[in-house]
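In the two assemblies presented below, chain A is common to both, partnered first by chain B and then by chain C.
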Partner chain A sequence: MASSTRSLGRIIAAILLSFLVTAAVLLLADAPPLRTLGILLQGGLGAPAKIGQTFAVWVPLLLGSSGLLLTFAAGLWNIGIEGQIILGAVFATGFLRPFPEGGGVVLVAGALAAGILGGALWAVTAGGLRTWGRVHEIFGGLGLNFVALGLTLWLIFGPWRRPGVASMSGTEPLHPSLWLRELAGLSLSPMSLTVGLLAFGAAVLLLRRTRWGLTLRAVGQNPEAALLFGLRPNRRILEAMAVCGGLAGLAGALQVVGVYHRLLPAISSNYGYTALLVTMLASCRARFIPPICLFFALLNVGSIQLPLQLQLDSSLSGVIQGALVLAVFLVQGLEERFLFPGRGR
Partner chain B sequence: MEFLALTLAGIVSTGAPLVLATLGETLTERAGVINLSLDGSILLAAMAAVAVGLLSGNPWLGLGASGLVGILIAGLVAVLGPVLGRSQVAVGFILTLFCRDLAYFLGHPFARKLGPELPVWSLPGISALPFLGVVFGRHSPVVYLSLLLIPVLWWWVFLTQPGLELRAVGEKPQAAFARGISVHYLRILYTLVGGALVGLAGGTFSLAIKPGWGRPQGAEGAGWIALALVIFGGWHPVRAALGAYLFAALQVLGIMLQESFPGLPAPLFQVSPFPVMILTLLVVNMGRTGWIQDLAYRYPGLRRWVSRWQASAPAALGRNFQPEKEG
Partner chain C sequence: MLIEFQDIHKRYGAVQANAGIDLRLEPGRIYGLLGENGAGKSTLMRILAGHTRPTRGRLLLNGKVADGLTPAAALGLGVGMLAQDPLDFPALKVWENFVLGKRRRRSETLKRLQDLSHRFHLRLPPEEKVAELTVGERQQLELLRLLDLGVKVLILDEPTTGISVTQKEALFGTMRRLAAEPDKTIVFVSHKLSEVEELCQEVIVLRRGRLVARVAQPIRAKDLIALMFGAEPHAALGTEARTQPLEPPLLTLDRLHLLGEKFALEDLSLEVRPGEILGLAGLEGNGQELLLRGLAGLIRVVGGRLVLDGSELQGRPYLAFRRAGVHFVPAARLEEGLFPELSLADHVHLALPRNGRGTAPLSPEDAISRFSIQAQPSTPARALSGGNQQRLLLSLIPARLRLLLLEHPTRGLDLEATRQVWQHLVERCRQGTAILFSASDLDEIFAYSHRLLVFYNRRLVANLSTRATSLEAVGRLMAGQERTV
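Presenting the complex of A and B:
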């Protein structure tokens, strides 16, 4: 009871604090705070189509955060998740390129599988750099993110360019028979929604209900002890990376077949970095992940309206998300240091 | 000859912001604190420099603003990390994203405007010299600052009493604490000083090297390179700065190649430093892996080569120190 009151108080304090920060930023930018936030929320909730878009963004965030639950459990900073999403999209596009005439469900399923493979390969590369080369996964992953971006650009402007018009607008669109079907009037595919929910459930089950999940957590909490107990930490690290990368790659493949229907330079839309913020804000507690993903998706979709209606940059959503996570960290820290010293770490 | 001198001059100036950021982060990490926010800090500081410079009409005020922004962000890192005991890596990463988005949001009205620029100084005695004059003679004052700081920081860290205390705090905070050194105070101080240099790196980008603001500004990714260079430099100011110039040389080379291959998209050249970054980290870190050490044990000739590249981090890097909780 006491702890749930405390965590409620913590959440309210953090929300208030991040609201104040956001209001200050808006005043600094000479924008009306309440009206801007109103437009932001309306942009993500105001109409059925907008709600559909919000859920369409929810799926990749949920997939990424589900994977990150596993890598964080293993004590890894999988910042390379952004590049893993990109590689998933690249592999899915590459798989579908030989079929300009279109095809059926089998091809789409193949593209998703290719995406999983691409993301997993990229993640295992970062994991291998860590286990065999002692390059911290933050730097390995981050470097690979930029490499993935470079690869995408090279493909879009080089071998995969549209005949005649190589541009930032991406590759030739897929044949419509390869697009995921959307709910009438909404730009949301029930298929990707299902995939997202299943993946989240599977990740939580893996972590909580399997022996593998237990060893993963042991490796994350005490690698030396895990080594002595024969849990083979390096193997577990690579496995955790592979699963997370696979989920990220799946998100990337879904962006291709379900949202953009082609490969774009900005195909990953920062969803990997946003998923990292989500998982940190949830303090790696699985039950908080779906609602936080939904809120962050809402901010992302709503912020598209800012340049249109107020001539503001759409990066405000990232400002609010970051402020929220920082505020939670600050409140937690203050609480441990001054209100309840001796508890926690 | 003239071409070589001009190329070297280009390396000295494009390397300046990297040198400043790398030196700042080296100081901070020597004290045992990781400020991972560099990439965002540099962008926000660069934006602040342009904004203040445009509004006041004075680039020097812009430069001051960039340093101040760096100090403020470092202050957040210090409060949340060492003071409140949150994970320094987590805090730094969140700040990276937060500051980048904040820079794009607040910088929107200043984008693609003719920005203020710092003047170019020509050094009286040196600029007349035949070769060195071309390389070092005419630069922005911030470039001279970056050159000056390399020996100064080396002297400070390795040859002075406060430098010894700085290293002690990063290596063994318990021992330093027992000797009566204020671990908290020094860590916060060097986090702020390092942050100021990182901020100035941002100002150097937007007021001298890539003048102006935009989305993207062009400094994206530089913070991560600087963080990697600190490791490459083995937390040694001179070696870190040399690494920064090496990367600047690669960048200058990239620009030249770009002119020879106009068909390739420009962003491709912007990402090219990152594979190099991974490779350099691999070279300096691989020596500590089990399988390389086995090889080195078997082949003594390899041992010297391996140990030369090895660099170990300050022992207490990234770990928050709370004296009341140490046993």
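Presenting the complex of A and C:
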């Protein structure tokens, strides 16, 4: 309990610190800090439609972070999650392409399953590079992210291009019968919200309540001991990667059937990297994940208003998110330095 | 320089590395500092060189208290330590490394380097990059750099690891010349007895953080062995475990060839019977660890046969060894044996999964009471004392077992904890489990094993019945003065 209170305090200190940094950036850009933050919040929460959009961003972040809870528990830095989202989107699109006339729920479910498969395959590739090829998952994952992006571009401008026009606007839109149904007036699908919540719950249960989750944590803590205990650390690493990649792929598939209804070059919207920031900010504590995802989604959606109202670039949300994570690490480091000066020397 | 340690204590968490060391080192002499791993010799020297501070006690240099030393301050006072791995910059040239930290022109530096090399009969190419040098040459460079800084106390921590015989001779020559200069004190840290015997005028032996003896020349290796491995009472369970079993062998090694990371153990032939206890004796790093890990399936087998209960296991994966009833307990409990942040209950669940009917073979509460672990099921492993960590590791050993392999099972434990550990192990072997263990305490090996395997110079040199041999004979074997196989 005490350590949980401490991480909460850490997050609050980090939020304050990062807002100071953001305010400094805004002052340099000649923008009024408080008004800018006001517009950000307004942009994300000001109207029912905005709230809908915020939750639509919340779902992929929640899916990604849920997967990352497992890989972080196993001691893995799954940077490749961005590419895993992309591959989910690619597989989902590929699955639905033979049906230009549309279809029903079965096809949509199939697309989601294909997305899970695509993300999992991409993640297992990074995992295999690590366990079999001794390539660290950060490098393997990062490399595969670029490959995934290249693959998407090639598909959009090559074999899957729209008849006549190949452009950054993506592939031919799906038949509307394959779109996820949205709540009236909100660009939010109840289906994807449900899937996101279920996935988060399942990830937490797996990690905290099953022997498999305990095994993952053991591998993350001490791979040598895990080997001696006969826990097969390499297999556990591949499994954790597969589950995380599957959730990321699901997020990618939901972007296709629920949000954009086609494959776009920027289909992943950097949600993978953002989910990494979320999980780091939460210090891998599950209970902090949903609110932080919501906060980051809010910043993402709200920042769309910035260019319109203040002539500021919408990348400000990225500045705030990055500053937050750096601030958390800084607060953690300073705490370590001043509360436990003896350690680490 | 005159060095005085007064009542030096140093604690690292639960480990007492130095426990009240009083020691006076005079100038003009070469001292050998001897002890097994974990005896506290490195800690004591790190205190002298300012790398760490004692928890209690004082250090006096030439009669003046030297408190709160840093490595730079110690060097300023004239204390230099030649680290095990050379601390240099491989991308720079020899003379650049030599001049680092000083303002001096190139020509002047070259002259200085040449003078010093000449004085100590060493040859180093000044324009060569350090990356091109051998470990021995890099050590010589570091040595000259320290001498150039005017050190009066030179500490050499295991300096002969990884250097050639000629380089060793050159190093010893330098040290003798240096000791002949006024006001220089040299401390040679090692566990190689022959080198200590050859080089040092006086040997200081540490054991379990305490100073156990100072021996002046003539130094005899076999006396040193007795001192390093000491004599502590271990009689409690010894006698009844002595009756040697006579059943057919459980484990047979036939010309087994194990390939470790640093060296190989060749031509191992051995038979172990059910319920037998074999103690592995030898100075650390001579193959005991390799044999234990090899029998656990953790080391690559490149030749020969390893037969357990009639089935050949050489070349099989670790999990096959586990299924065959082999269990290995490493010496580094927290680093290799346990999960620091996981609770005691988590460890029990991980090690002893429920069987098909959903019943657990051992509950965390049972483990705590049966092995008298002083902790709660929720206590994380890192918060346990060394003794409790060991008891936890013992509680995690499966009930049905053929072969139990233990690295230093009682290292860092007090006598009572040691006795409890052995009580449990002897009970295991009554149930037919064969045990192989390494220890740096010969008395412990004599007290509990039916047979001894002695290692010297990275070879198995003797396989003896405990009854038919003596501490002195084993000491001689460990020092390489006699062979029986």
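What we mean here is this: the second predicted complex is superposed on the first by the 326 of 345 C-alpha atoms of A that agree within 3 Å, B and C clash if a C-alpha of one lies under 4 Å from a C-alpha of the other, contacts with A are read in each partner's own complex, and residues count from 1 in each chain.
One rule holds in what follows: a residue touches a chain if its C-beta (ideal position, glycine included) is under 8 Å from a C-beta of that chain, and two chains touch if they have at least 3 such contacts.
Everything numeric in this text was worked out from a predicted model, so none of it was measured.
Aligning the two structures on chain A places chain B and chain C in clashing positions.
In the superposition on chain A, A:Gln221 contacts chain C only, with no contact to chain B. Once the two complexes are overlaid on the shared chain, A:Gly118 sits clear of chain B and of chain C alike.
Of the two partner chains placed by superposition, only chain B is touched by A:Leu144; chain C is not. In the superposition on chain A, contact is made by A:Ser315 with chain B only, not with chain C.
When the two structures are aligned on the shared chain, A:Arg211 is found in touch with chain C, with no touch to chain B.
Touching more residues of chain A than its counterpart among chain B and chain C is B. It is stretch 93-101 of chain C, out of 3-11, 93-101 or 309-317, that runs into chain B when the two complexes are superposed. Against chain B, in their complex, chain A makes its touches with residues 25, 28-29, 77, 79, 129, 132-136, 138-140, 142-147, 149-150, 153-154, 157, 265, 273, 276-277, 280, 311-313, 315-319, 321-323, 325-326, 329-330, 332-334, 336-337, 345. Interface residues of chain B, counted against chain A in their complex, comprise 36, 76, 79-80, 83-86, 89-91, 93-95, 97-98, 100-102, 104-109, 215, 221, 224, 227-228, 231, 264-265, 267-268, 271-272, 274-275, 277-278, 281-282, 285-286, 288-289, 291.
Taken in their complex, chain A has these residues touching chain C: 211, 214-215, 217-218, 221-222, 224-232.
Across the complex, chain A is touched by residues 318-319, 322, 328, 330, 335-342, 346, 349-351, 353 of chain C.
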